[in-house]
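Got a structure for you, questions after.
Read from first to last, the chains carry the letters A, B, C and D; within each, the first residue is number 1.
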Amino acid sequence: MDIPMSFYLLVSFVMFFAGVFGFITRKNMIAMLMSLELILNSVNINFVVFNRFLFPEQMEGMFFTLFIIGVAAAETAVAIAIIINVFRSVNNISADDIQKMKY
Amino acid sequence: MDIASITASQVIFFILAAVILAGSVMTVVSRKLLHAAVYLLFVLLATAGIYFLLNYHFLAAVQISVYIGGILVLLVFSIYLTSQVGEKMDEPGIVKKTVTMLISMGGAVFCFWVLCTGQFPYADQIHLNEIDMHAIGQSLLGTERYQYLLPFEAISVLLLACIIGGILIATGNTKKED
Amino acid sequence: MNFLYSFVLVPLVLMMVIAVLRDVRTIRRVMAVGSSVQLVLSFVLLAWFLSLRALGVQDEMLFRSDLVWYPSLNIALSFGVDGISVLMIVLSAIIVFTGSFTSWAINEKAKDYFLWFLMLSIGVFGFFITVDLFAMFMFYEVALIPMYLLIGVWGTGRKEYSAMKLTLMLMGGSAFLLLGILGIYFSSGHTTMNLLEIAKLHIPVDAQRWCFPITFLGFGVLGALFPFHTWSPDGHASAPTAVSMLHAGVLMKLGGYGCLRVAIYLMPEGAQMYTTLFLVLTGISVIYGALGAIAQTDLKYINAYSSVSHCGMVLFAILMFNTTAMTGAVMQMLSHGLMTALFFCLIGGIYGRTHTREISQMGGLARIMPFMCVCWVVAAMANLGLPGLSGFVSEMNIFVGAFQHPDTFHRVITLIACCSIVVTAVYQLRVVGKIHFGEVVNEHHRALTDAAWYERIATVTLILFIAAIGCFPFFTVDIIHGSLGEIVSKFPALPF
Amino acid sequence: MDTKFIIALLILAIPAFNFLLLGLGGVKMSHRTAGLIGTIGLTVVAVLSYYTAITYFFDYGCMEGAYQPVIGPFPDEANPAFHWLQFTDHLTLDLGIWLDPISVMMLVVISTVSLMVHVYSNGYMHGERGFQRYFAFLSLFTFSMLGLVVATNIFQMYIFWELVGVSSYLLIGFYYTKPEAVLAAKKAFIVTRFADLGFLIGILILSYYTNTFDFAVLTDVNGPVLTSPSGATFLGISVFSWATALLFMGGAGKSAMMPLHIWLPDAMEGPTPVSALIHAATMVVAGVFLVARLFPLYFILTPEVLTGIAYLAAATSLYAAVVACVQTDIKRVLAFSTISQIAYMLVALGVSGLGGHEGLGYMASMFHLFTHAFFKALLFLCAGAVIHAIGSNEMDRMGNLRKYMPITHITFLIACLAIAGIPPFSGFFSKDEILVAAFEKDKLIFFCQYFVAGLTAFYMFRLYYGIFWGTERDYGKHLPHEAPLNMSAPLIFLTVLTCCTGLLPFNELITSDGRPFDLHTEWGIALPSIAVGVLGIVVATVLYRRPNPLPQRMADSVRTLHRAAYRRFYFDEIYMFITKNVIFRRICSPVAWFDRHIIDGFMDFQAWWSNALSFRIRALQSGSLQFYVGVFIFSILVIAGLLIAFVF
């Protein structure tokens, strides 16, 4: 293998922090959700890369990734259901404006 | 490394890396939601490419089918449902943006620094052995060590719960309106 | 099966019964029957206790039983009573009994009210029958929490504020208390939480130096020790009648009882170290509460400040470390419990009719409600220490006892505390003169009725006991004397 | 139990029982029944008291030539460990009965006057609202007063002392719808309560240094208390001086000595028979009784206090006599006269010695107490009859009443002569002894009392002429009429007593040491005192018998003095100032304010700042997920950085 592990990790870091940046700055909930996907993806890459480079005999990293993808799918589905529901009731999906359910 | 020794896989990696870097940054800064979704699509695709590169074919397939085929489609639909096409999102406040930028960049630099200075006991040269589907299936449905029946079932239940929850949430309001 | 269990079990059973009932009238009847049963039980306990003593049973505590609860911290549900706790139980039973009758007119959420009320009584009874520090603390807390809801939901005026204030201040006190209890437990060698056993061990003087003040303060907050008394006026003013009765009548006695039983009994050396400080504080309580009462215009505030004064007297007497004064302290707890309950009962009755507690808005009630007026005068007389009523014997025990202290400082401060009897007379007569005598101020009041039958039951019961203690003090004094021996013997330095 | 104690207990028990009966069941009774129950009860009490007195003086009281106290029945031999209230091993509070000459005499006085008042009240209070309550209170008072005089120890005395205070409060405030009555009752109670504080403290001090409450020990001239007293001092003054002075403070409160006298004139707001019973004959002499009871203690241990008492009493008697001269409310005049006469008794005690002829003052004091009780009660009851007829207390609403009320007129005249010290009425004998005693001890006091005797005659006859002579007023349709029989009978009975009690041989019965001594009238002092009395009467006759401008002119000539005397030398104003302005405004209100704002404010401040702080902290818990994530990431980075820098 001719690409060092750090290259993969670098890509994953950038993706992760881009996700963090997006999650914090975005107001739209769907956009936040997308940032979340970025974060998850970067984590997935990390898992896979570490699995491949550190413990190539085993499959833990891959399975973690697999499960994360599953969970992410579930999470996204529920989140979008909620977002649409919220949108239906308040006609807005900006995270700042939805304060009613606080307190 | 010099130009001559560049291999095909390196080229592919750099392309993928470039797509991921650009895509993820664009995803989070693009002011149009649909554009962001498209950037995300590229990022996810490139991630799948990375999985291929690392010889996790099954994972790459799952990535493409679940993320791109499921999640992204769902996202796009919801974008259509909740916003006007071409609508631009609000610019975040400058303070918030700067602070977040600092945190993110700082985090990235910090991680990079750790990466550079840290000692990882890994081999640069690895053999990219293919994982066969049989082994994956065995691991998913076995109960031995390194086998994952329990999480598998947990995920199944979770998904079931999500289906039910999704339905409930989606229909909750209509009932009231009737 | 220990007889003492019944004091906790009877309210528990009552709670269960009331929980399934729906009809308010049935609930009231059940409550009346239940509290009467408790009253009878308390007298059975008293009689049983006395007969055991007469048979020559010399144990410090009778009816002992231990039920290990949490072995690793040596927490046990240890029950046992001596004369003082028996009297306190009788007092609590009387107050719960009269309180149930006073609550007769409560219609709003009556069920929940009585449930919390019973919970409060569980806490109170539990506190008096346990000899385990932790269980004591637990019951103490059990008694505190319902207070918050009872005031906050069924109270009047600024009830949320008062409820919050009362609960927070008492909780603050109990935080001190917990610290003190843990201090006692660990410094006595963490072998037992049982009072009687700790009393036999010696708590190092260094530990007493910090344990005593915080324990005393912890209980003192409940005993309305200056300057931690301010929950009392607000809390009492807002609480519903029966809750005021129970709170001022019994709950405040938890403070005095705890000081005596835990702080003084377990840490005699510590007590002696801090006598001067606490004497000054309690002395201030006594005079200051009385003076404060003069300037008040709200009946409940007047009574609350009067309680501060009288409860201050309890703590004051406890700090004298001699049998006479401590006897007086216990008598004062009984006496104050009864008369303040009577007061609150009457105030509740008057407030329920006139819808005001401002003394300037009332007048000439004696002609309109003669029964209430007579009871009020009796209560006022008891409060200002008329011989033949309970206030006199308790105060005289305190004064004579306190004055027997060989130290001049103690005697001088006793004389200062004595002055409270004049001040008490001033504010009590002022109230009687303003609201009961004179011309009718508000013509609407002429249409009001005198006490209803349930109020009559409550007041007459209380007056009977007040007069009984006042006319036959030797009975109670003998019981108390018999139980103070152990505590006083911890202070051998004083001649008695 | 001995018969004498059964009788004595009955004397106490009957009024107590009557109180409970009338108090609890009175509402259901008719007025007639209630009055009858009260009166019959008191009749029995009176008969038993006379019986006790006779048997005491002529049967069992006198032992070895001296009257000894007879003490019983508690703690009795059968149950020696029983105490009503045990304070310490030494100090126990027992309720017993103590019969000695003065207590027996007091029994007679109290039961007689009380009986008369009961009978009289049946007429006076006829048809009043709360008639039953009135009789209940009277019974309570009688019970307490009887209990006070038979007390075996000082604490028992204190108990009954308080009880008489309360019954006095209840009776003064009997007309509870009248604001003045309520105020007067409150004032009386609080002033005496304040004095009782002194009493209580005195008891505490005395009991601490003597280890006993018992009169038997305290007054035993050979006992340890008087022979070897503790030498302790406080602030440079012997503790016994403190104790006895403070005890006397209690007595001064009840007996209305300056400056604690202010409650007595106001107490006249009560029904007049009550004034006769409580504020003339019985309760107000409690202070005299207290000093007499503890006389050996005062005389042997603290003679300086006794002298002080004499001077204070002399000043009081002078003050009260001067004030009485200008009052216009007839009951007020009588009230000040009472103060003055009680001061007389205390003067006598103050100048007295112990034993034999030395104890003349003691005997005179008791004698005067005895005679004064009857003629003063008589005066009050007469005044009551007048008030009953006129419907007012003010002298200027009265005049020429002798025409309408002959019996009242005669009885009042006799009582006036008695108080003025004209022989052969009782007042002469007792007052004369007092003057003799004062003359032997202290000339200053003697002349003062001499002057007061003249003043007494003057103001009493001023009152007499004002009521029964002078111009006839417009009485409207209802002309004044003589009191009914149940009111006039007590008057006549008391008049008889006034006429003949002066002849009782007090020097043989009631003396400071129980032993009789020889007594003969000192004409050298008696004649001038009669002369002074007559002079007073003459002056009053000149001024007030017929309406003339002289009194007004005299008043104008000393306007300031007259005005000051009329306002009772501003004592009430001073007290008002102290209580209202100093105590209430400057102490109580600030205390309440302090409590509400400083102490409670401090507690509220605790709540406030924790609340404010929480609000600040709550801003962090904004619920904004993005903010959380930012902080989360940042913190993770920081923690990770720290871990790497310092741990790995």
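Please note the rule applied: a residue touches a chain if its C-beta (ideal position, glycine included) is under 8 Å from a C-beta of that chain, and two chains touch if they have at least 3 such contacts.
These numbers come from a predicted model, not from an experiment.
K.L.:
Using only the chains other than subunit D, in their current positions, what clusters of touching chains do you get?
P.N.:
A, B | C
K.L.:
Of the other chains, whose C-alpha centre is the longest way from the centre of subunit C?
P.N.:
The chain lying farthest from subunit C is B.
K.L.:
Average the C-alpha coordinates of each chain, average all protein C-alpha coordinates together, and give the chain whose average is closest to the overall one.
P.N.:
Answer by centroid distance: C.
K.L.:
When I count C-beta pairs in contact, which pair ends up with more: A-D or C-D?
P.N.:
Higher contact count goes to C-D.
K.L.:
Just how far, in Å, is the C-alpha centre of subunit D from the one of subunit A?
P.N.:
95
K.L.:
Counting only Cα atoms for the centres, state how far subunit C is from subunit D in Å.
P.N.:
Result: the chain centres lie 36 Å from each other.
K.L.:
Could you put a whole-Å number on the gap between the CA centroids of subunit A and subunit C?
P.N.:
That gives a centre separation of 62 Å.
K.L.:
I'd like the Å distance between the centres of subunit A and subunit B, where a centre is the mean of that chain's Cα atoms.
P.N.:
6
K.L.:
Could you check subunit A for residues that touch two or more other chains and list them?
P.N.:
Expected reply: 20, 24-26.
K.L.:
Going by the touch rule set out above, which residues of subunit B reach two or more other chains?
P.N.:
Within subunit B, the residues that touch at least two other chains are 100, 103-104, 107.
K.L.:
Sort out which chains touch which and give me every pair.
P.N.:
All chain pairs meeting the touch criterion are A-B, A-D, B-D, C-D.
K.L.:
Report the residues of subunit B in contact with subunit D in the complex, numbered from low to high.
P.N.:
99-100, 103-104, 106-107, 110, 114
K.L.:
Which of the residues in subunit A come into contact with subunit D in the complex?
P.N.:
20, 23-26, 32, 95-96, 99, 102
K.L.:
Which positions of subunit A touch subunit B when the two form their complex?
P.N.:
Against subunit B, subunit A makes touches at 1-11, 13-22, 24-28, 30-31, 33-35, 37-38, 41, 44-45, 48-49, 52-54, 56, 58-60, 62-63, 65-67, 69-78, 80-85, 87-89, 93-94.
K.L.:
Taking the touch rule as given, give the residues of subunit B at its contact with subunit A in the complex, in rising order.
P.N.:
Listed in rising order, the residues of subunit B that touch subunit A are 7, 9-10, 13, 16-17, 20-21, 24-25, 27-29, 33, 36-37, 40, 43-44, 47, 50-51, 53-56, 58-59, 62-63, 66-67, 70-71, 74-75, 78-79, 81-83, 89-90, 92, 96-97, 100-101, 103-105, 107-108, 111-112, 115-116, 120-129, 131, 135-136, 139-140, 146, 148, 151-152, 155, 158-159, 161-163, 165-166, 169-170, 172-173.
K.L.:
If we count contacts the way the header does, which residues on subunit D are in touch with subunit C in the complex?
P.N.:
The touching residues are 82-88, 91, 93, 155, 158-160, 162-163, 166, 169, 173, 176-179, 182-183, 185-186, 189-190, 193-194, 196-197, 200-201, 204-205, 207-208, 234, 584, 587-589, 591-593, 595, 599-600, 602-604, 607.
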